[in-house]
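Two complexes follow with subunit A in common, the first pairing it with subunit B and the second with subunit C.
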Partner chain A sequence: MAILTLAAKSLWNRRLTSALVVVAIALSVTLLLGVERLRTQTRASFANTLSGVDLIVGARGSPINLLLYSVFRIGDPTNNVNWSSYRTLATDHRVAWTVPLSLGDSHQGFRVLGTNQNYFQRYRYGRDHPLHFAEGREFADLFDAVLGAEVAERLGYRLGQSIILAHGAGAVSFALHEDKPFRVVGILARTGTPVDQTVHVSLAGIEAIHADWRGGAPLPGFHLSAEQVRQLDLTPKTITAFLVGLNTKTAIFRVQREINEFSAEPLLAILPGLTLQQLWDLMGLAENALLVVSGLVVLVSFTVMLVALLTSLNERRREMAILRAVGAQPSQIFTLVLGESVTLALAGATCGLLLLQGALWLAGPVLEAQLGLTIAAWPPSRYELMLLVAVLGCGLVAGMIPAWRAYRYSVADGMTLRM
Partner chain B sequence: MTDAPAIEADALSAIAINGLRFRWRSNRPWVLDIPAFTVAAGERLFLAGPSGSGKSTLLTLIAGIHQVTVGRIAVFGVDLASLSGPARDRFRADRLGVIFQMFNLLPYLSVLENATLPCRFSTARRTHAIAAAGSIHAEARRLLAHLGLNEPGLERRAVAELSVGQQQRVAAARALIGRPDLIVADEPTSALDTDRRLDFVELLRRECESAGAALLFVSHDRSLAGHFDRVVELSTLNATPLAG
Partner chain C sequence: MKTLLSLHIATALTVMSTVLFAAPPHVHGAGTLQLVLEGSRLNAELRLPAINVVGFEHAPSDTKQEEAVKKAVALLRDSRQVLTPSEKAQCTAAPGVVASALLLEHGQADHDHDDHDEAHDDDHADFDVRYGFDCRRPEALKQIKVRLFQPLPKLERLDVEMVTATGQARQRLVPGQAVITLP
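Entry: the complex of A and B
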């Protein structure tokens, strides 16, 4: 005990160096835990986005791409699904329900999703949570819109607000559907999923704003007013994708195969959980690389500690001799120097953890808004605690080196003062 | 003095050396060859000899930091070779106070913390200090005051701010705290100027006397010899040809 007080006082005496070592360790620990936190929370966040959906169907392409654009609003669809194909599949006797999804427009950088009322009844996230309305109701009229919580909060929209949709998904768009404004009739409660960043309108609404457009641009010299467009048949010709719920789970693979072999057009049906797993397999490589790099940074920080302790050791031989003279055992000298390393590692790990919490506290809202990632700040997970223990273990092992040298010095020098 | 004392008499002696021979490595020449040497308990002895004559080595052996291979050193009747390493360290902590030539103090401890340092390693010294003055700090203050270090605020100062003379007196207080039986001082005055040398030696001698501790004072400066009960030339003790 006495020897550890000495270790603390000795460190304090060299506080500038000690502080720098602690900073180095703290930053490396922040990086290590940050990477790990981001990894697990991304996975949790993704896994929580959709539940209860048996199949997602879209145009043939990459399964991961289909999952990303249909559920996570990441990336763009390569092709569309014909309405007739959708109707054929939606009326199959094994299909319990479907939710059509039509993407391609945006509002102030938020994606616009054309869908139908099934969406509000069938969409589930997390552990089978349905969507709830914070205010208002589902869309009913052609130009009604329902906002996700984040959209309403960030843009400060209330019910009754008139909004203009833009063509394309970019934050800044030059092609606006200015002539056909939508009215906010509902705001959804927060879900922590991409739903929060989505503007929902009816499929007919999407059709209506594009009635006088062809190939992604307004038809020159041809314009339909909002009133005129109501007279048209607004059944969509295509949709982007659709979610499928089956009557019996046992039919999943058979239905999937049949959709994949659909004769009218090339379609792709995916199992969301399975495709998510493929995505993780793909990302696992990058994640592991990041984890390895941050692990190496931790090792570098302990090298910094070693350099600091070993260089100080030679000028501390006198100190060792004094301690030996007052009765310190070589093993106590060992403990003294090891205690310094462990104290530095402990301080570094603690500061690193606090730094991460602080950073998440500051960056959390931005991450949630930009990436839809909810990163829980506290408490650290069991795995993170294991990483922290591993960091302390590294500190302990690294600390053995200067401690052993000090031990050897104290045995060899005895009371002889080397100057 | 030249007669080898009986083993039974060892208990009465602070130090009893018999047939000691020592060298650092088996292929090196002998540094020490001392047939017999005793310091009585409570005796204040001046051991004179030029530097390089093996004085520091002898002190290291008496303090039990290095082990005797040939012959025997008994300190207060305890044969140091019979003790394990940790037991020798404990013995030293309990019974010995050591003062070095210079740089005696730990730079990261205050004056008071340096003076009480042995109490961290020895329960016996701690108990003695508390018995003497009520607390180890009170005892350290008493010793520092006796040694002339009683200016206010000094005990909280960093040791680097002290003069060499002040540092040596703090070292003396550290050696004396908790009433060890033997004070070993290795050229403690060599860094001091002449006036302060005499002051320091007198202070140390007086404190050892009042504490009843034996004092083994090693120096090449024979002008200090008058303060001691007995003066011994290392060259007359040491039979090695190397001894100066």
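Entry: the complex of A and C
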């Protein structure tokens, strides 16, 4: 024990070098754990976004893109699906329910989603959690809007407030639907999914604000007031995609095949769980590369520690000799130097972990707002703890080298040191 | 924007009407297996390129090839031999239902397969097999062993897609690693 106190004091004596070594180890540990944390949390966050949906149907294209755009609202917009195709498939006897999704407009950078009441009843996230209203109710009127939790919180919206939707997806849009404001009638409870960043309106509402528009701009000299537009037939002509729940899962692959061979227009049906896994398979390579690189950075940081300890050993031959003279065993010298490296590794790993928590605490809200990613900051997962133990193991092994040298010195040149 | 898009779709539709029917992928060396477990019922659909089962993809033209097709059908019909679910699940199986262009009378096969592309002469053919299992204890069904790689050495991989009450998953089987783990 006394040896370990001595080790700590000896490190304190060389505190600048020690601090730099700790910083190097801490940064590398932060990087290693950060990569791992982001990887697993991204996966969990994505997997928790949608549950209980058998198929997602959109226009033919890449399955991954359809999933990303329709559920996570990222990636490139997909082509649209004709309303008639949607109705045909929605009334198939094997289909239990559908939720139509229409994307394309935005409000202050938040996506506007046109859908119907099924969305609030059928949408499930995490382990089969339904959506809950924090305040208010579902949309009923043409110009009613339901906000996700993050939208309401960040823009400070209350029930009854009127909001203006913008055309397109930008945060700053010059094409506003300002003649037809929407009224906030409901605010959803937080889900930790992209739902939080979404403004929900009815499909008819989406149709209504575009009723007097052609080709992405208002028709000059032609204007329909909010009242006039109510008289129109507001059945949408197209939607972006729709979610499908089947009566029996047994039919799932057959329905998928039939939709993929749908004769009226080229459609694509995906199984969201399979497509997500396909995405992870693609990402796996990049993720592993990142993990290997961060592992190498850890090794580099321990090389730094080795350099520092080995250099200091030369300066400390006299110190070692004095220790020997006052009765220290060579094995105690070994423990002293090893104790120093373990202390450094332990301090580095702890600081690294704290640094990561701090960084996530700071960056968490940004990640959630920008990417819809919820990163749990605490506690570290078992795998992360295993990584930490591996880091400490590296420290121990690396520490053996200077410890062994010190041990050899203390035996070989003990008091015969010439100054 | 939306009308513009639908206009695009309309034109695209007329232009593409000949390629509307997407044929499922056909990759030599790679088979697919789709599994659905619902309640006590396990359904499986296996699709293998004929070239990896019998070594050719046309209707058998001599007795030797007819023999090969017969042997393949016998192999694929034997459900328990192809797919072995966990013992504890106590599954009983009906014989697999085998369908293939190779099993049709000569000429009929080409007709059946080529209806969307008349000019395509050397078309590919598959073996499609449907299996049904009834399991007394489906909750104990965690793994399914696939024993296709030994009798079909030219089969390099089997892409498995599965759907159960707990989720959807995919897995790639290769020789020596031929056990499906259900989600």
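Note that the second predicted complex is superposed on the first by the 417 of 419 C-alpha atoms of A that agree within 3 Å, B and C clash if a C-alpha of one lies under 4 Å from a C-alpha of the other, contacts with A are read in each partner's own complex, and residues count from 1 in each chain.
Going forward, contacts are C-beta pairs under 8 Å (C-beta built on N, C-alpha and C of every residue); 3 or more make two chains touch, one makes a residue touch a chain.
Everything numeric here is computed off the predicted structure, so don't read it as measured data.
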- Message: One more residue to check, A:328. First (subunit B), second (subunit C), both or neither?
- Response: first
- Message: Once chain A of both complexes is superposed, is A:42 in touch with subunit B (first), subunit C (second), both, or neither?
- Response: neither
- Query: Of the two partner chains, subunit B (first) and subunit C (second), which one does A:161 touch, if any: first, second, both, or neither?
  - Reply: neither
- Query: Which of the two partners, first being subunit B and second being subunit C, lies in contact with A:10: first, second, both, or neither?
  - Reply: first
- Have a look at where A:261 lands relative to subunit B and subunit C in the superposition and call it first, second, both or neither. second
- Message: Quick check for you: in the superposed arrangement, does A:2 touch first (subunit B), second (subunit C), both or neither?
- Response: first
- Query: So which positions on subunit A get touched by both subunit B and subunit C?
  - Reply: none
- Item | In the complex, subunit A residues that touch subunit C | 54, 59-60, 79-80, 82, 104, 167-168, 210, 213-216, 237-238, 248-250, 252-253, 257, 260-261, 263, 265-266, 271-274, 277-278
- Note on the structure: Contacts from subunit C onto subunit A in the complex sit at residues 1-6, 8-9, 13, 16, 20-22, 24, 34, 36, 38, 41, 43, 45, 161, 163-165, 167-170, 183
- Note on the structure: The answer for subunit A against subunit B in the complex is residues 2-3, 5-6, 9-10, 12-14, 318-319, 321-332, 414-417, 419
- Item | Contact set on subunit B toward subunit A in their complex | 56, 59-60, 63, 65-66, 85-86, 89-90, 92-94, 96, 98, 100-109, 113, 117-118, 120-122, 174, 186
